[in-house]
Structure formats: C-alpha cells, structure tokens
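Below: one structure, written as structure tokens.
Read from first to last, the chains carry the letters A, B, C, D and E; within each, the first residue is number 1.
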Amino acid sequence: MDRAAILLSLRLAAWTTLLLLMLGLPLSWWLATSRWRWKFLVEAVVSLPLVLPPTVLGFYLLLALGPRGPLGGAFESLFGSTLPFSFGGLLVASVLYSLPFSVQPFTAALAGVDRRLLEASWCLGVSRFQTFLRVVLPLSATGILSGMVLTFAHTLGEFGVVLMVGGNLEGRTRTASISIYDAVQALDYASAGRTALVLLVFSFLVLALTYGLQRRVWASWPTRS
Amino acid sequence: MDRAAILLSLRLAAWTTLLLLMLGLPLSWWLATSRWRWKFLVEAVVSLPLVLPPTVLGFYLLLALGPRGPLGGAFESLFGSTLPFSFGGLLVASVLYSLPFSVQPFTAALAGVDRRLLEASWCLGVSRFQTFLRVVLPLSATGILSGMVLTFAHTLGEFGVVLMVGGNLEGRTRTASISIYDAVQALDYASAGRTALVLLVFSFLVLALTYGLQRRVWASWPTRS
Amino acid sequence: RVGLRENGTVASSTPSAGAEQQRTLTIAAASDLKFALDEVLVRFRAKHPGADIQVTYGSSGNFLAQIGNGAPFDVFLSADVAYPRELAAQGLVAGEVFLYAVGRIVVWVPRDSPLSVEQRGMEALREPAARRIAIANPQHAPYGRAAEAALKSQGVYDTVKEKLVLGENIAQTAQFVQSGAADAGIIALALALAPAMREQGHAWVVPLDAYPRMEQGGAILKRAKDEALAREFRDHLLGPEGTAVLDRYGFSLPKE
Amino acid sequence: MADTLVVDLEKRFHGGPTVRATLELPATPGRVAVLFGPSGAGKTTVLRCLAGLDQPEHGRVLFHGEPWCDTSARIFLPPQRRRVGLLFQDYALFPHLTAEQNVQYGLGALPADERRERSRSLFALLHLEGLEGRRPRELSGGQQQRVALARALAIRPRLLLLDEPLSALDAPSREHLRGELRRLLRELGVPTVVVTHDRLEALALGDDLVAMEGGRVCQVGPVADVFNHPAELAVARMTGIETVLPGTVLKREAGLATVEVGPHHLVALEPAHEGSAVFVCLRAEDVTLGLPEAAPTSARNRLPCKVVSLAHEGALVRVGLDAGFPLVARVTRFSTEELGLAEGRALTATFKAPAVRLVPRP
Amino acid sequence: MADTLVVDLEKRFHGGPTVRATLELPATPGRVAVLFGPSGAGKTTVLRCLAGLDQPEHGRVLFHGEPWCDTSARIFLPPQRRRVGLLFQDYALFPHLTAEQNVQYGLGALPADERRERSRSLFALLHLEGLEGRRPRELSGGQQQRVALARALAIRPRLLLLDEPLSALDAPSREHLRGELRRLLRELGVPTVVVTHDRLEALALGDDLVAMEGGRVCQVGPVADVFNHPAELAVARMTGIETVLPGTVLKREAGLATVEVGPHHLVALEPAHEGSAVFVCLRAEDVTLGLPEAAPTSARNRLPCKVVSLAHEGALVRVGLDAGFPLVARVTRFSTEELGLAEGRALTATFKAPAVRLVPRP
C-alpha cells in the first residue's frame, strides 16, 4: 500500500474538484442562461476532451505544456519553471480532462432552476451574484453534487493523462492510480489489491458521507405539493 | 487512419449509451424517488468504478469474466463462450465503467421533476410507467441528454478497460482510442493525429447536432413566468 | 479447468464461414518489437500469402494476464523471458520457451541538446542542463530495470536519482524526451533507431556489460489454432532472415 | 350507502397540524358539495385524500359504497383507479405540453377525433379559444386556471374535486362560468366537491356545504341550512355573520328565548340546545335602520344606537353602530341617502326574533 | 411630474397578443391604484414591466420623475435598483427557505434583530404566527400567499405591486386583512398598484382605478368616478353593470336625454359625447321594484315588467325581469318577501334618470 500516493491522489482530486467548481460554475451558468445562437457549439466543445484516449490527450498536453510548447514557453518565462512533472501540471491536466464531468451536470442542474425565483430575488433588491449564491446554488445542489462526485471520483481513478504529464515521481506526481497500475504491471497483485482496496474503501466512505449528509431538506421529493 | 477501429468505437459507444439508458434510467428513478434509508450507500457504490484506474479495473474485470472467474465460468457453461476478447466483453466492461456517467446525471435530472406533475398525471388515470414516459422523461431531458453525452464521449475515449478486456484484436476489439494509443506508442504521430482528428471532428459533429437539435421548446429559460 | 479453455473457442466471433481453410496467426508482441517485427512480418507474409497474420503490440505484463485468462493469441513475444516462463509453469505453452533477442539501451538526447552524451556518455547526465532524465519504470519495465542498473554501474545513479521521471513503458519514456519535457532519456536502442527518432537526436549506446542481460523470450501457446504456422513463424524469426532484421533494429542476438 | 361519499379520516403532518374529517355527503349525479373554511382549515388536504394523493394515517373513504381507502383493512386504491378529476389549487399544468395537449393528456384511450372534439368543446365552454397552442407559461394566471379546469373535466371523472376553480377570474367571467359549470356538471352527472372562499359561489354552486376550521369539520348540511343555522361560532363567522355577542339566556317560553346582551334584552327563537351561555349572532343584512322617531314595526328587537362608521360595498353600505355593544348593519345606498346616514347620527336598529341566531358558548 | 407614476409602453409577446398601457397615476404615499380587468387583459404584464422583469419593446416608465425605463433613451433600470415590492400571482416563494427566511430574504443589509423584528411584526399582522419554520410546500395555498405578501412588504419598497394579494383567502380573513393592509400602507407611505378581481376590494382598497381589457387601458381615474361613469362598454361590464341595452338618443334638452330602448323611452342625464347610438347601462341595485298598483315616485323611468328568474346572493336577491327587454334588479331579501316575488309575478321597475348611464356605441 502506497500511503504517499493515496494522499497525493486525494489532494489532487480535492483541488481539481475545487478548481472545477470555481471555473465550471460560471461557465455552466453561462451555458444554462445564454441565448447566444452558437452556444451549442461551445457545449459540444466542452465534451471533446473525453473523446481522446487519456494518454493521447496527455501526450498533446505534454507537447503544449512542455518548454517547447506555446503555453509551456510562456509559463516558463513567467515563473521560471515548467508545468510538466509537477503537481501544478497534474492539476492543469486533470482540470482540463475533467471539465465535462463538472460542466455537464452543473449546466443541467442550473438550467433547471425556476427563473421566477431569480426574478423574485432581484425584485427584493438582491444582486445577481448574491441571487446565484442564495437561490440558484441551493436549488441545484443535487446536480452540482453529482458533478463534483463525478469529478472527484474520476480524478482519483484517472491515470493516463496524469502519468503522461506527471512523470510518475514518487511523492510528487505518483498518484494512487499510477501506483496501483505499476503494481499490476509488475505482477505484484497483492500490493495492487491492497492499495486499490484502501482507495475503494476510502472513496466509498467519502461518497457515502457526502450522500448521507447531503441535507435532503429541500430535496425534490417532498411529502406535499 | 483506422476506419474499422473508428466504426467499432462508434458501435461500442452507441450500444453502451443505449444499454445505459435502459439500465440506468430505472436505477436512477429508484435512486431519485426511493426513501430507503440506506439508499446513500447505493449512491456511493455506483460511483466507485471511477475510482480505480481503468486498466486495473479492466484487470479485475478480466479476472471476473475470464473462464477462471466466477462470472465467466457461469457464462461459459451457459453460452459456450467467454466474454473477454469479444465485442460482448467490451460492452459489458464499458457499461460497468460508464455507469456513473449515466446514473449520476440521470438521478439529478429525475429528482428535479416536480412531484405534483406526477400526481396530476396519476389523477388523470395515466399509469406510473406512462407518466414516466410522458411527463418525467421530457421534463428531465436536459439532464438525461447530458448523461448520454458523457457516456457516449467517454466510451469513445476510454481505452484502459477496453484494452484489458478486449485484448486489442484488430477488427474485433481494437477501438479507435486503442488504435490512436498504439500509433502514439509507435511514435507514429501523423497517423495518430489523423485518427484523432477524424474522431474529434466526428464527435464534435454528433455533439453539436445533438445540442443544436435539442428542442429547447420546453427548456427551462422561458420568456415569462 | 485448463482443458476447458482449450476447446473453448474464444474466437467464436470470427466472421467468415470459410475460416477453416484460412490459416491464421495472432501474435502478441512487446511494444519495443514494433519496428523490427513489422519488417520481419513483411517477409513472412510473403511466404504465406493466404494466411491471416495479425499482431498486437502491448505491455508484456498485460499479455501475461490476458493469456492467462483466455486471450486468443497463438504466439507470445515477450520483452522479458520471465513472462513466457511463467506461462510455461502454468502449462499454457506448447513446446519450449525460446529466446529471440537481447534488448539494448541507449542514452538519448534531442539534437539541439547542450548535453554531450556522444562524447561523455552517462557522465553527461551529471551536467546541470540535464534537469529531467526519463527512464522507463524499473518496477515493471525491463528497460527501466536495465536503465537503473546501468546508471548504478556507471556511478551516476545517486547524482541523477532526483532528476528521474518514469515512463510507463519505453515508448512513453521516449516521448518525454521528444517533447522536450525531459532533457535526456534512457531508451531502447530499437526505438532510437526508429525512423521517428533517428533524425531527431543523438544516442550513446550503453555497453552491454553495464546492465544485466535483457533476454527477450517467446513461446507458442497451447491454444494456438494453427500450431504448424506458429512454429513456422518462430523458425522464420529465429532463422537468418529474422535475426538479420532484429540485428538491424538494434537487438543483439541471444547466442552472441 | 349507495350514492354517498363517506369520509372518516385523520391525516397528520409531521411538524404540522393534524387534519381530521368525518363527513357523509350525498354524491348523486350533478350534486355539488362546497368545502368552506378559512385558510389552513384542511380543505386541500381532504381533497388530496379523496384523490388518493395523500394517505391518511387512520380512516376510510367510501365512494358509492366502494372502499377507496380503509386503513384498518389495508385497502388503498391508487389515484389512477379512482378516476377523480382534480383541479389543483396551483394548477399543476404540464409545462412541456401546450394547453390543448394538457387537456387531452388523460384521453389516451379515446380515438383521436373524439379527443379533439372533447377538448374543442371545453375550450369553447371556458372561453379559451385561440390559446390551444400556448404552453402554460405563455398564459395568464386566469387562463392557466381555466386550462386546468378543462383538463380535470375532460376525463369525465366519477367524482370531480375542484380546489378554488374560479378564484383567479374576474367577477363577470366568474359569474358566467359558474352558470356554465353548473349546467355542465348536471349534464355530465358528476358529483362534485368544490373548495371556494366566495360565499356567493357557495350559495350559487353548492347543494351541500361542509364547513371546516382548524383541521376539523364543524358542520355538514344543505347550504341554506348551514348558512341559516350555523351550529357554532366558527361557522357563523365564515358564513358572514358580522355581529357576534356573548349573551345569557334568561328565560325560555312559548318558543321564544329572552337573552341578555350587554345593557339590552333581546328576543330570539328558542334554541335547540341546553345551557344559558350563548353567542348571539346577527347578520348585518337582517338589521333594519330607522329614524328614532319612526313608528314601531312588528320586529321584536328595537335598539337605540349611533352610527360609528360607514363603508361602501358596491350596492350596499356597511354601517358600524354602537348600541351599547358593537353592531353592524348593511343597508342599500338608497336608505343611506334617505336616512341621511353620517357618523354620529342617532338611529334605531330593529331586527326580528328569527334573525337572532343563538349558538352555544362553551 | 413629481409624485406620479407615468407608464406608456408596448410589450409584444411572440405568438401572443400585444399589451399596450398608457396611464398616469398619482403615486403619493399610501395611495392605492387598482388594476382591474378580465383574465388575460394584461395586468400581470404591466406589473412585470413596472418591476423591470419584462422589457417593453417601446415606451417608458417614470416613477416620481425618475426614468425607470425609456426605450428611446435606452434607459433600463434593473429590478434591484427599482426597489419595488412585487407579490407574484403564483407567489414564487423560495422552496428551500422557511417562511421566515423567505420574509427576511431581502433584508440582508439590516442588523439581525431589526430583521427579526420586521418579520415578526409582519407574521403577526398577517396571522402567520407559528408557521415561521415551515417551508413553502408545507403551507396551505392561502398561507403561502400571505408569506409572499409579507416578503414583498418586508423590504419597505418605494412602490408596491400586488398581483391578487388576497385571492386565496376566505372572506372574513380577506376583509380583515384588507383593512390591516390599508392601514399599513398608509403607515409606511408606500404608493401601491394592486391587481384584484374583486369589486368590493377595488372599492374598499383603491383610490384610483385602471381598467384594462384585451391588452389595452380603457379608463383611468378615481375609483368612484370609474364605477359611476364608465367610459365604455367594457368598463361598464367589469364594474358590474348587468343591464346593457343598445339605444338611440331621440332628443336632448334641459340636461336630459330621451333614449329609445326597445318599446320604451327612457330618460337619462344628457351624455357628454356626441352621436345618437348609445349603450344604456343600468346597475341592478339602482332598479327599484314595486307592485304595479304602487303610487308613483319621483323616479323618471317606470316600466311594467315580469319576474323571469330569482337568484339568492347572500343579503341580496338578483331578480331577472322582462320589460320588453331583459333587465336585472337587485333587491334585499326583505323586499323579496314583502313583494312576494316569484317567477311570473308582474311588477313595476323604477329607476332615476341619473342611474341611466349612456356609453357611446360604435
């Protein structure tokens, strides 16, 4: 069992989920409310990262983020270091790859909020941003939670992109999924099984806790009209 | 560019999406409506396949479905052949792995349908099943579509599970994503790029068409209350 | 249970009804053989124009697991002779496990690299310009184990340990360097000779005595549908035509 | 047993009140029962239990002798099999369907042209022509309400449950539709339970009246009976009796009772119930005003009083009086002018003994 | 300019009607304007444009001289900056918040105890005590409506817009709350626009009245003026004038007009407008019934007629008559008994000249 790797995975998954919450919600809100006629093209593009095999996506990312790539070069001249083979690089890759897992459920959830409630809030003098926080978010909690769970779980399990961009550095970019994969490749099934079990049990606990605690008080299945 | 692989991928993605629609909707409906107190455990379990690296999940699936595995043995004695290394095996693996991508958005969408509308339908003498088809489905279309898109796109791109269970047999289990992966492994970037491009363009068209055609008539952002 | 598998026709999905007449051969081969084996097969296919010969490249570890679970491969060419031996121990191998090549490694840098590997060999890896050095994962990749051993025997391991990034396999290791994300890499000679790499960088061939012999072995599997054709393929690979190609692609021959 | 609706149920709301309803109503074709009572009385809850949408904790519902729900026998007929037409208080129209599709929604079993014919005639009846293709959110509040009513009527239910069916309509449309509805119900022969807050509607539409308050049924009976003989204070209030005064029965003789109220003794018909503590209830329109010097009439009760307030209510004027206790009279605008009513004016209020209703005071 | 609300707008609905509203109302503290009109008239649309939720295609809204919307100057003040208190016709309560949280929702800027105090006093005013912790779906329809009203009042708006604020309430609560509301509005000094379908409510609550029909403003003016002098047929109908007959003005002299209606000649006050084609409008309560042999009165119009129908309406009885043309009278129950009214009874209907309203007939 690889403790450092498990901790790293959790850290990566938590950060990815957080970042995608911050980036994905505005994007989803735009997708849910905009009446721009070409919006559907953006919706299609958001899902495209999924279509490529992760390692291949990772390879293209590596080219883009590496010192010779367009982004990597700019990043290096700004910060003096490159993204690949660092936690930052993993994070960028995970966020990009998991984008659809957040944005799709978020958009569906946000689009389901009754517009009249927003109007009611505006009339009460509450700003659009505050309305988003106090009305839209609570009312789309189920869908947002589902997006976060997908993102979190998927980042834990993702390994193609992460391996490609991260370089499998022990304690820094070797996530639990890479560690398990390595063990399986090395025919060390016992060790793989142990790490996998810990990861599964832990994830199960996190997910069960999330769903269990999720305050169903405003859930959509009330006793009465 | 590997035409056979692209066709296989599309076939697999289409079947997986279809099967998950048929399996996922009842499960999601149960998750959305049940008041069973341990339901949250089931919700947590549904997301677990995501947590393992795909190849490792594929490895465990191979063990389970192979002739020496518990399921595979039973299957073989029933049908005379085993699932791994066949299209059926790919399908089973994809369905299992993509389960959360369907069930999560489906559940969130179904849970958002106003219960009073179901009650209104029941009072009009319409059965629960018909009510599901005529009221629940249309009203959760956005969320269901988002689940289907995630499933479809993800099945196109998935390669770890498929590689492990399918064995990368040309014309039978070599999907486009494996083909691209192989080309990249062989440093044949031009060929990988071509196949990837075709896959991306095609997926983009499918997605854009889906979103563009999606009749927004009952969408959640009406002009008026 | 092993017997069950032999009459279990996994390939029941084989399409054509005239398949009985058609001779088939499915080879599972280690990824590093990609370029060499493709060329070997050109000649072999010419000899058997009617036969349907397919090859799947991949990780030898995966093949081991898949063959153990009924994968429809006839011949297994592993990157590590230990894997076919493991299959033999499970009773899945027809005849003997054979050695077909010995893998070799090189230190590879892109053409514009400031590192002077061609002159200084592994010592060049100590230079500060070598910020990241890619090797395959020694935990499971034979080339990774060889690279690690070579680094140790050349006395640079402790210096470069912190700079190592690990590829899942040798191809990915090469990509790390190719993309510029790593400054140097230790990869298979076979890969360095591949058209896509040859023009792009310099390589320094690590002496064979710097690391343990990487014996690549193979086996014909008991479940082979056409064992005769499989044997013919083995003989072709081990024969003069096959060995010449392997040699050209940077594989030493086992008997040397 | 046959043509009745028997309800005897108890529904508890977690963290809320308990609604208990025991009533038996004639449910013959075309008969209309009105559920009447203040906000929060439990009217919607009773309708939902009748429709099978809420399941009572205890009790039973029998329609025409058929058990729809019986907790002791564990019988519960699902809403689909009850075939009730329920108009929801908040309409619950299907947002993804047009008005016409909403109305035809429950008619799946009929041939297409009969479906069309039914919805067409309902659209005409409810003045909804031209709105067939609109979705609910493109309709005004009153239009939505009428579409929901059409939807409930379309299925030709065995029992019709209407929760404030005309509340969002203007007075002329409401009066007109009330008549149309009444005719249609007779024609279709559906027994109906209707919730309304409008006394005129209760009088105009209802045969029977169920008065509820605070989760409890107070009185059940023919509309006129309940309006004329409220069994308790709450019913008196909801049927619009403005003057309610605590009094004491001093003596009963010859069918008449003398009641002491404040400084006065009033004469009323002898009440059916025992006990001397009563509420004296007086409908404002039963009080006649005259000048103090006017000649006596046959009315048994005659009180000097003073005008305290005047409020115009369309054709009538509501006059607040002080007669040693507060008293309300409602007179026509003619009389107001004739008597020269103004605040402070001294008058005589007269009312007949039968107009004085005595309700037991606990 | 200062204390007025000026509206002049046009709002088109794609696939629906166009709503045009031109009106100018005094908007002094505590003054109440009533928006009156049949279902689908455009009342909600006007309120939404005032609140800034709908944007008119053309036109402007000026409140106290401040432009809230002016399409020609491309001015559009967002709802947040208008500070109007809008009660939605369908409440639009926040389902995830309790009743109390709903009411306090717009009070974020106030200190916590002032927030609590405001919501406490509104809960008391609207008889909602004990429901603070309930979520909207655990409230009855009328309770929800009152919570929504409290929410709109809580923010002490500059302009209050109420879309049928008391429609879901029973008559006694409605009457009571109407008084309370009226007092509170005076106290807070908020000008108010209220949509109602209830004539009594319009009379009791309103200072001004805006009559709308078919997406158009028909008449604007003080309530009594509009009720007494409807400018057109539609207004006459909505203000409850039952008898409307086509007639021809035969002559005008000494401030009086003689109008031919069917077989009779009626006397009316001379109308302001030209032309001889008119509608003769007669309010049912202005018609007095007497026995044919009764002594003549000062009333100028006197028609023999027969009773056709009788309908009880609480304190009054609505009598349908045939006088060569249909005529409706509304009399007290006393009179009904006195005159022994029954179908077929021959009577004399009298009404004064000022009671006959003449409206131009196009």
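In this text, contacts are C-beta pairs under 8 Å (C-beta built on N, C-alpha and C of every residue); 3 or more make two chains touch, one makes a residue touch a chain.
For each chain, UniProt lists the protein as follows: A, B = Molybdenum transport system permease; D, E = Molybdenum ABC transporter ATPase.
All values derive from a computational prediction rather than experimental measurement.
K.L.:
Touching chain B and chain E alike: which chains?
P.N.:
Joint contacts, listed by label: A, D.
K.L.:
Walk from chain C over to chain E along touching chains and report the minimum step count.
P.N.:
Shortest path length, in steps: 2.
K.L.:
B-C or A-C: which has the larger count of contacting C-beta pairs?
P.N.:
B-C
K.L.:
Same residues or different residues where chain D meets chain E? The copies count as same if more than half of the interface numbers are shared.
P.N.:
Mostly the same residues.
K.L.:
Taking CA centroids for every chain, report which one is farthest away from chain D.
P.N.:
C
K.L.:
Using mean C-alpha positions as chain centres, tell me how far chain A is from chain C in Å, no decimals.
P.N.:
Comparing mean C-alpha positions, chain C is 36 Å from chain A.
K.L.:
Using mean CA coordinates as chain centres, what's the chain D-chain E distance in Å?
P.N.:
Taking the average C-alpha coordinate of chain D and of chain E, the gap between them is 23 Å.
K.L.:
Measure off the straight-line distance from the CA centroid of chain C to the CA centroid of chain D, and report it in whole Å.
P.N.:
Computed value for the inter-centroid distance: 89 Å.
K.L.:
Rounded to the nearest whole Å, what is the centre-to-centre distance of chain B and chain D, using the mean of the C-alpha atoms as each centre?
P.N.:
Using C-alpha averages as centres, the distance is 56 Å.
K.L.:
Provide the list of chain C residues touching at least two other chains, using ranges where the numbers run on.
P.N.:
Correct list: 62, 65, 172, 175.
K.L.:
Give the residues of chain A that touch two or more other chains, as numbers and ranges in rising order.
P.N.:
55, 59, 114, 116, 119, 181, 184, 222-225
K.L.:
Please output the residue numbers of chain E that touch at least 2 other chains, ranges allowed.
P.N.:
Residues 13, 88-90, 92, 138 of chain E each touch two or more of the other chains.
K.L.:
Taking the touch rule as given, give the residues of chain D at its contact with chain E in the complex, in rising order.
P.N.:
The contact residues of chain D facing chain E are 13, 15-16, 36-40, 43-44, 89-90, 133-134, 138, 140-143, 146, 163-164, 167-174, 197-200, 203-204, 237-238, 240, 283-285, 288, 311-316, 330, 332-334.
K.L.:
List the residues on chain B that touch chain C in their complex, please.
P.N.:
Checking each residue of chain B against chain C gives 55, 59, 62-63, 66-69, 72, 76, 80-82, 84-87, 163-164, 167-170, 172, 174, 182, 184-189.
K.L.:
Per the contact definition, I'd like the list of chain C residues that touch chain B in the complex.
P.N.:
Going through chain C, the ones touching chain B are 1, 4-5, 8-13, 26, 31, 34-35, 54, 56-58, 62, 65-66, 68-73, 169, 171-172, 174-175, 178, 191, 194, 196-197.
K.L.:
Residues of chain D touching chain B in their complex?
P.N.:
It comes out as residues 51-53, 78-80, 82-86, 88, 90, 92-96, 105-106, 108, 135, 137-138, 151, 155.
K.L.:
Report the residues of chain C in contact with chain A in the complex, numbered from low to high.
P.N.:
Checking each residue of chain C against chain A gives 59, 61-62, 64-65, 86, 132, 134, 137, 139-141, 164-168, 172, 175-176, 179-182.
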